[in-house]
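Residue numbering begins at 1 within each chain, and the chains themselves are lettered A, B and C in the order written.
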Amino acid sequence: MTTRLQTVRRVSWAVVCKDLRIEWNSKVLLNQVAPFSLVVMIMFAFALDNEGILQRVAPGLLWLATLFSMLIIVQRSFAVETADGALDALRVAGTEPLGIFIGKSLALMVQLFALELMLLAVALVLYTVEPTATGYAETFATMVVATVGLGFVGTLYGGLGAGARGRETLLPLLLLPAVAPVLIGATRATEAAFESGGAQSSQGWPWIGLLAVFAGVFGAVGALAFGPMIEE
Amino acid sequence: METVVELRGVVAVLSSFPALAGIDLAVHRGEIVLLHGPNGAGKTSVLRVCAGLLPIERGEGSVMGVNLRTQRESVRERVGLLGHSNGLYLELTVAQNVAFWASAVGASAQEVALAMQQMKIDGRLTNVKASQLSAGQRRRCALASLMVRRASLWLLDEPHAGLDQEGRDELDAILRTAVMSGATVILASHETQRSRSLATRVITVDGGLISGSES
Amino acid sequence: MTTFQTAFEAKSKTTGTAASKKLGAATIVAVIFLVLSGLIFSAEDVVQGSTVRIMYVHVPSIWVAYLAFALTAIFSGVYLSNRSRSLIWDRLAGASAEIGVLFVAVSLVTGSLWGRLTWGTFWVWDARLTSTAFLFITYIGYLAVRRLGGTFRQRARRSSVMALLSVLEIPLVHFSVNLWRTLHQKASVADPNAKVSLDGLMLFTLFWGLISFTMLFAWLLVHRQRLMALEDAVQDRGLDRAIQQRRTEAGL
């Protein structure tokens, strides 16, 4: 007999492989989302039009670009499920919702993290940011913890009535306020890491703690609420 | 005889439209029931109610002893539904699709290979993306994914649609085998000529109700 | 059909009952007294002058909003845990959230008017203001989820999960915004109430405001819930008619 834990592990592994394989086959992240986030980063420079300011607010812009891109990735992540009724089929097959939640969250995290790395490189070049070695360590720590939280919360809200009409336009309204703590925490932590605006690198760690709390809370809540969320 | 599906006065609503208007239906184990009727008669909704996907608004219903009102989620592990859509990931290849469904429901590699062979989507087709398949090939792919499920109640919505002559014969053979090993089949189809020979009972659905039945 | 129809129409003329009419009358008296006490009887503040009177509306409004959102969460929890899944809990949750959004809006508007008079600006990025704005947006999102469509039970299930997620979100947002304002830069304004020294009548007026606004909330909640029940009944009646119509299609 297989235990529930084994089932969850099997399903989440199947889902994460499937989602990443879809990305590998279709290259939407690479060909569409990444260029979009690059354009956003450049548009910020047009809007702010001052190198001093850009350098100062680079961390905030980095995370804003991440959040905007995340909206697209989340929508895409559930569009592939509903395009040919796969989510219905998963539900009929009695597939463990917790496994779907974990699998889709992990796939989202991997894609987000790849995107953040690219955006970081862009910020280093375009916004002339020069972190120290500890600054880099802190930046990566921030990215890892923030990405875990974003992956959970994005999957949870993305699954809301997946298939209900008007969902696509509703997602930003629901998701952006929910990720406000991540924007605040990750931006402050990255500011500390970049030492922008006179921040010190040691000031970043409490914010990383906040991000960890966020990730933990939404991981736990998502595990409970995702099942009812994707139900009609 | 063991009753697999029992619906009594079931009303099911699709955003305020009563797709089922108080339907009564009993299906016994080992039957192959054909639902036929005009477009919009409610055939698909009957299947979706039986699969535990569509909630019951009024009336009572049970599938394999599971109450559809209170625990419709728990009926799902034991039913297999082939809907209008195929439930495929269009960006994945045939092999990747079937393999995903197999690992999601916990089927073995041999079962996958067998199902793909039976539905003739092995060989050249395995590494073609689902988006590039013809309608009939997608249907075959969906059927293979369904076969690895080993469901006790098969719910098929227009299963013959898009299949060629050979494919239809294969599907009929598969359904007969499934019934022989203890499964029950309900299928909705317009192609009454074809399905009549397969079915043990034909039920006419119209206006969200059963309007006729013949054995 | 006809008996049901007449019974329905007789009932639908009003959403009030004897009890709610009494509550409504008492609320009107209480609010009139609040207006008199707030605008005429109570004294001006030494520092703020007449501006202090905004407080008698502002503070009760935000209190009602918090009460409403807490009740939305409680009603949603009851709906989900209740075996019978009675839709009254869902309607109470929805009604409560609607009133809550209204009162957050009132407190944001009165707050920024007060800010304009006292600080010379409508808005400051103070922790309390920012998280109140988030509260407002979050529950607008909740109300949008309620309007996603589907059957009553779909709506109830979806929105009660959403309501529980929203109450979870609020402390997280509140905490992080607080941390942001305190760790990052000192709040530019001190606590607005700290400057005010309240005399007896002012304190009483504020207290009276809390009571009368709570009564107003209860009255609105009862009526909104009943109105929603009627809306649902109308839709249900539409369903009855639709079922009849659909049956004639079948020619039975």
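Worth a mention:
Everything below uses one rule, namely that a contact is a pair of C-beta atoms (placed from the backbone, for glycine too) under 8 Å apart; a residue touches a chain by one contact, two chains touch by 3 or more.
Just so it is clear, the model here is predicted, and its values are computed rather than measured.
Set side by side, A-B and B-C show the greater C-beta contact count at A-B. Each chain gets a centre from the mean of its Cα atoms; the one farthest from the centre of chain B is C.
Chain centroids computed from C-alpha atoms place A closest to the centre of all protein C-alpha atoms shown.
Between chain A and chain C the centroid-to-centroid distance comes to 32 Å (mean Cα coordinates, whole Å). With each centre defined as the average position of its C-alpha atoms, the distance from chain A to chain B rounds to 37 Å. Averaged C-alpha coordinates put the centre of chain B at 47 Å from the centre of chain C.
Across the assembly, chain C contributes 149-150, 154 as residues in contact with two or more other chains.
Across the assembly, chain B contributes 55 as residues in contact with two or more other chains. Looking at chain A, one finds that residues 231-232 touch two or more other chains. Residues of chain C that touch chain B in their complex: 149-151, 153-154, 235, 238-239, 242-243, 246-252. Chain B makes touch with chain A in their complex at residues 51-55, 73-74, 76-81, 83-93, 96, 100-101, 103-106, 129-130, 145, 149. Of all residues in chain C, those touching chain A in their complex are 134, 137-138, 140-141, 144-145, 148-150, 154, 157-158, 161-162, 164-165, 168-169, 172-173, 175-177, 179-180, 183-184. Put simply, chain A touches chain B in their complex at residues 2, 7, 10-11, 13-15, 17-18, 21-22, 25-26, 80, 83-86, 88-95, 231-232.
Residues 156, 160-161, 164-167, 170, 173-174, 177-178, 180-181, 184-185, 188, 203, 206-207, 210, 213-214, 217, 221, 225, 228-229, 231-232 of chain A are the ones touching chain C in the complex.
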